[in-house]
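Should a chain be cited, it is by its letter among A, B, C and D, assigned in written order, with residues numbered from 1 in that chain.
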Amino acid sequence: MDEPDSTGRFGTFGGRFVPEPLMQALMDLEVNFRKFWSDPEFKGEYYDILKNFGGRPTPVTFLKNMSNDLGVNLYLKREDLAHTGSHKINNVIGQALLAKRMGKSNLIAETGAGQHGVATATAAALLGLKATVYMGAVDVKRQGLNVFRMELLGAKVVPVESGSKTLKDAVNEAMRAWVKEVDDTHYCLGSVMGPHPYPWIVREFQRILGSEARSQIYEILGGKYPNYVVACVGGGSNAAGTFSGFVDTDAELVGVEASGGAALTYGTVGVVHGMKSYILQDEVGQILEASSISAGLDYPGVGPEHSFLKENKRVRYETATDSEVLSAFKILSSSEGIIPALESAHGLAWIIKASRTGEISQGSNVLLTLSGRGDKDVAEVKEMVDRGTVI
Amino acid sequence: MDEPDSTGRFGTFGGRFVPEPLMQALMDLEVNFRKFWSDPEFKGEYYDILKNFGGRPTPVTFLKNMSNDLGVNLYLKREDLAHTGSHKINNVIGQALLAKRMGKSNLIAETGAGQHGVATATAAALLGLKATVYMGAVDVKRQGLNVFRMELLGAKVVPVESGSKTLKDAVNEAMRAWVKEVDDTHYCLGSVMGPHPYPWIVREFQRILGSEARSQIYEILGGKYPNYVVACVGGGSNAAGTFSGFVDTDAELVGVEASGGAALTYGTVGVVHGMKSYILQDEVGQILEASSISAGLDYPGVGPEHSFLKENKRVRYETATDSEVLSAFKILSSSEGIIPALESAHGLAWIIKASRTGEISQGSNVLLTLSGRGDKDVAEVKEMVDRGTVI
Amino acid sequence: MLENLTKKDLKPLVVPYITGQMRDDWLDIIYQMANAKADAIEVGLPFSDPMIDGPTIQESSKKAIENGATTDSILDGLASLDIDCPIYIMTYYNLIVRVGIDRFVERVVSSKVKGLIVPDLPLEEIDELNTATRSAGVSQVLLVAPSTPDLRMASIAKRSAGFLYTMGLMGVTGERSSLPQSALETARRAKKVAPGDLPVLVGIGVSLPEQAREITKYCDGVVVGSAIVRRILNGSKIDEIGEFIQSFKS
Amino acid sequence: MLENLTKKDLKPLVVPYITGQMRDDWLDIIYQMANAKADAIEVGLPFSDPMIDGPTIQESSKKAIENGATTDSILDGLASLDIDCPIYIMTYYNLIVRVGIDRFVERVVSSKVKGLIVPDLPLEEIDELNTATRSAGVSQVLLVAPSTPDLRMASIAKRSAGFLYTMGLMGVTGERSSLPQSALETARRAKKVAPGDLPVLVGIGVSLPEQAREITKYCDGVVVGSAIVRRILNGSKIDEIGEFIQSFKS
């Protein structure tokens, strides 16, 4: 996966649709990223922290029980084992280091599931920066554990009461906050979305996920790549990181969206949060509220590079419903001893479905990025089960 | 650290003080453990699962900010990054494999903080065994997240209403349950305690922690061992695993108990849960209730090998109070971006105290085993902070 | 064809803002604004995700959308007006893209709207829209901010039509009790680089006549947004709104 | 000096159990047990962590401890008794270790207690205590279980004094509605390996006279625990308890 063009576009997608006060910061960010990302010392520090603090490389686990049941060979790239419990740490360590090199003393971030917020708070604590995290009021409620975690890590969590009170509104609020403090503050965006250069930067910082997975699975499969490489898609960062490792193989790449937040599947092209991409919008152009059990996929947009990968057909995008996801969540927990994040369970849900229908043919090798662990979700799932909302 | 003698004793501690119906099972277990632990195939499978499923080796992290503040060089062995979030996984993978080789189809376990219960449920799911976990009713309440996790993993959680309704009563109840089902059930004990051969088996399965730490820190320190090696002590398994890697170096070994559950510091010799060891008891011999904010250290006994290591003075045992622990918990979270289990925070609390008083001299190298992550504790700590119980 | 805003007298230019359809009598309010000698009127198309707006304008957008406001309904309303005060539409880019750039610009022209202000369209992204507005004779007003360096400010000013919208501070729309230093400084810098015939107006944070008087020592006029929208939200009578606008002219 | 329990008639031996001090009139209950022709009485020292006890005896232990029961208070009570029915103390090992083995055995002797049953002391761990009890003439009763293999059972029986306590099932103390197959089988096996003069008694799960009659086809008697303790907990009158014990003798 290549660098975007000079206007920050992947094909026709991307760009920098932001108010003028942010342009200088975005241009500075691009210049600095370009400089440091080719600086071996910077890269060394980044890799060092991810290894010695972040727990990388994360393993690839073969799922014996589920593979037996499904008749396909299922492998998980285990981002749940990374420090803070998801792939989000890869990105924030990179951005926080970058912010520090740029002389910024504060980080702001938006968060949906809270994983990116926790990761940002963590990186800030580690590197001695201040962190403020914007989180939709609805998400504050359903991801209480993560709110506590951020606070313990020393971050300030600001509940966002505007709009649908979920991730998209947290992004708006974070942008508004950034406008005010752009001098000494870096906006630590949590996915491959937003204005250029974010989609590019975040993908590059998530590339480590795909590179590791590539060489691990190649070795496990005795010198082959998998038939399918699957990842869930919210903003699209874990998917972008994953696919970056396999885009030049003949693996079929599959991104799985929440059916209630499936910009690529049900959306149309538009401009929101600084980028041109597929979004869920009504006929006049108002952005729709996404609706998914997983806070991290509850987002009506998607990173522009995914729009590009959809149009050029290198990646195929599918969806999973809440009930398919809950079922996948429970199957992985009870048959393999791994409780997945609800986000990641979307990828698994599609694999289960496609294996059962024969769309994934028997004996195929399938790699799924398990983007995070489900501890943050168990209380909510338990409540749904107790209430009888789900079986 | 050596094998116990033929009566299952470390010095005068240990033994097998159990009702006759359990003797056969204990003898079988010893025979099988001896056989399989020297079987390269068994060991290979054990190491393989811990690597590819469990996320081992866990890294050793240098704490730059705290080291600066304290004037000592502080390193953490990161068991919080192991799958399920604590060192407990090392032991249960070993025991569950052993149980399977012995033809048992069920696991029972006691749990305090819930980490051992979660780990047992996990291993059971992975290896296709049934798991029943006994947990004091008080702990069920304060570790709700872990109860949910066990249930999602397919385990049955049985709240224990007898006695003090904490860990010690969960052990009694698990033993009672085991008596009834000893034929097809393995009792997967969670620490280096209980009747022989458990203290030995569990220490051997936790040895991996110490071996890794030993070679990692030796490399980090450029061919030296640390001046201090510290671990918290509940039953004593993470400490036993840790110390096994350093007992032959000249590192000072320090085990830190909860001041409200400090069998080694405030206890006397007695017999409980099948072992002779230091325990907290009154003048007539009734076992006292321990009382600590950390469910995993809320135990009035301690593994017999620790009693031995105390008497022969190879290890020194210290205590930390609840408020010292909460303070350490918050310091590590906000200054390093690592939220520790309250259990592990005991070790840190002692290090902070001893560094400030100069007992640990400036410039010393100190290795602490961070036995687990604090996600399970954040809701409780948050509540204490909100209630104003703690600052 | 692309006329800039011009002063009718020696007074500074005053451009009040209203979100289209935020109150049922919004068209009456616009008449009143024109009567109160507004030099132009900025009408917002409400958007669900207004990135640069503070709470007051966010609320007016929400109200407008609840009232059924759409691009069409607002443009239809404006088309029905009979005033000679120029109207500028403020909108986020997605509402334009959704309709299609050419169709949108056509609609704007047929509604007798003078110009467009698109706050999330920086210099680097204007070309596509600008081709359409130019050929249709619609003024595309561009924005500069305190963070905009001089050279860039000059490039933006050169491309701006109607007037140059100068953000008085780094922040979102909303009232402030006093004018920040950055507003004076940015106004001064903008005025210096702007072509002689392009009026420089300062907006964002100008809420009181005194503030307007102070800032217009350095520029040609002001845009008054949140201070008016708050009054409309609070149920102020139409003539109270008119009086408030007039107070900027006195 | 270490006399075994002997039968006084052709009836099976019956050994009722009571937890010391579980009710204020516990000593009266013991008198009544003796009157009801109990062949011996097992008195439990309550322990906070009774590993092999089910809910009924756990509750009696809790009550006793709340009543202030200690090793001393119970032994003092027993010392005051004037009956010729032998008393066996049941206790977990920690209560012995805490006092000190020699001191404990001395206290036992001075309280005219005949023997000791320590359920958490398997064959491998008895030596230290056994040295003391032997030299003091106190019978140390050992336990066998359904899981105990024949050879081991023989070794245990050889070391047991007073009687051989045979667990009727794999489980904790408590009442069962019917005798499990394992009880008959274990009784038969125990009887086969036990020295001729060592009575084999079956305990754990023997709650009804019919059960006792059935099992004593294979052994010499029964220990009745939870069934009695439940009656005492439920407030049964002393003579009701006596009658219940007598029903095992008829």
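Everything below uses one rule, namely that a contact is a pair of C-beta atoms (placed from the backbone, for glycine too) under 8 Å apart; a residue touches a chain by one contact, two chains touch by 3 or more.
None of these values were measured; they are calculated from a predicted model.
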Chains touching both subunit A and subunit B, listed by label: none
Touching both subunit A and subunit C (chains): none
Relative to subunit B, chain with the most remote C-alpha centre: C
Separation of mean Cα positions, subunit D and subunit A [Å, integer]: 66
Whole-Å separation of chain centres (CA-atom averages), subunit B against subunit D: 37
Computed distance of Cα centres, subunit D from subunit C, in Å: 96
Set of subunit D residues in contact with two or more other chains: none
Pairwise touch network: line, ring, star, complete, or other: line
Set of all touching chain pairs, with the criterion as stated earlier: A-B, A-C, B-D
Interfacial residue positions of subunit A with respect to subunit C in the complex: 7, 15-21, 23-25, 162-163, 168-169, 172, 175-176, 179-183, 268-274, 276, 279, 281, 283-287
For the subunit D and subunit B complex, residues of the former touching the latter: 47-55, 58, 65, 70-72, 92-99, 119-125, 142-149, 152, 156, 167, 170-172
Subunit B - residues contacting subunit A, complex: 51-53, 55, 58-62, 65, 78, 80-83, 85, 121-126, 128, 144-145, 148-149, 151-154, 329-330, 333-339, 374-375, 378-379, 381-382
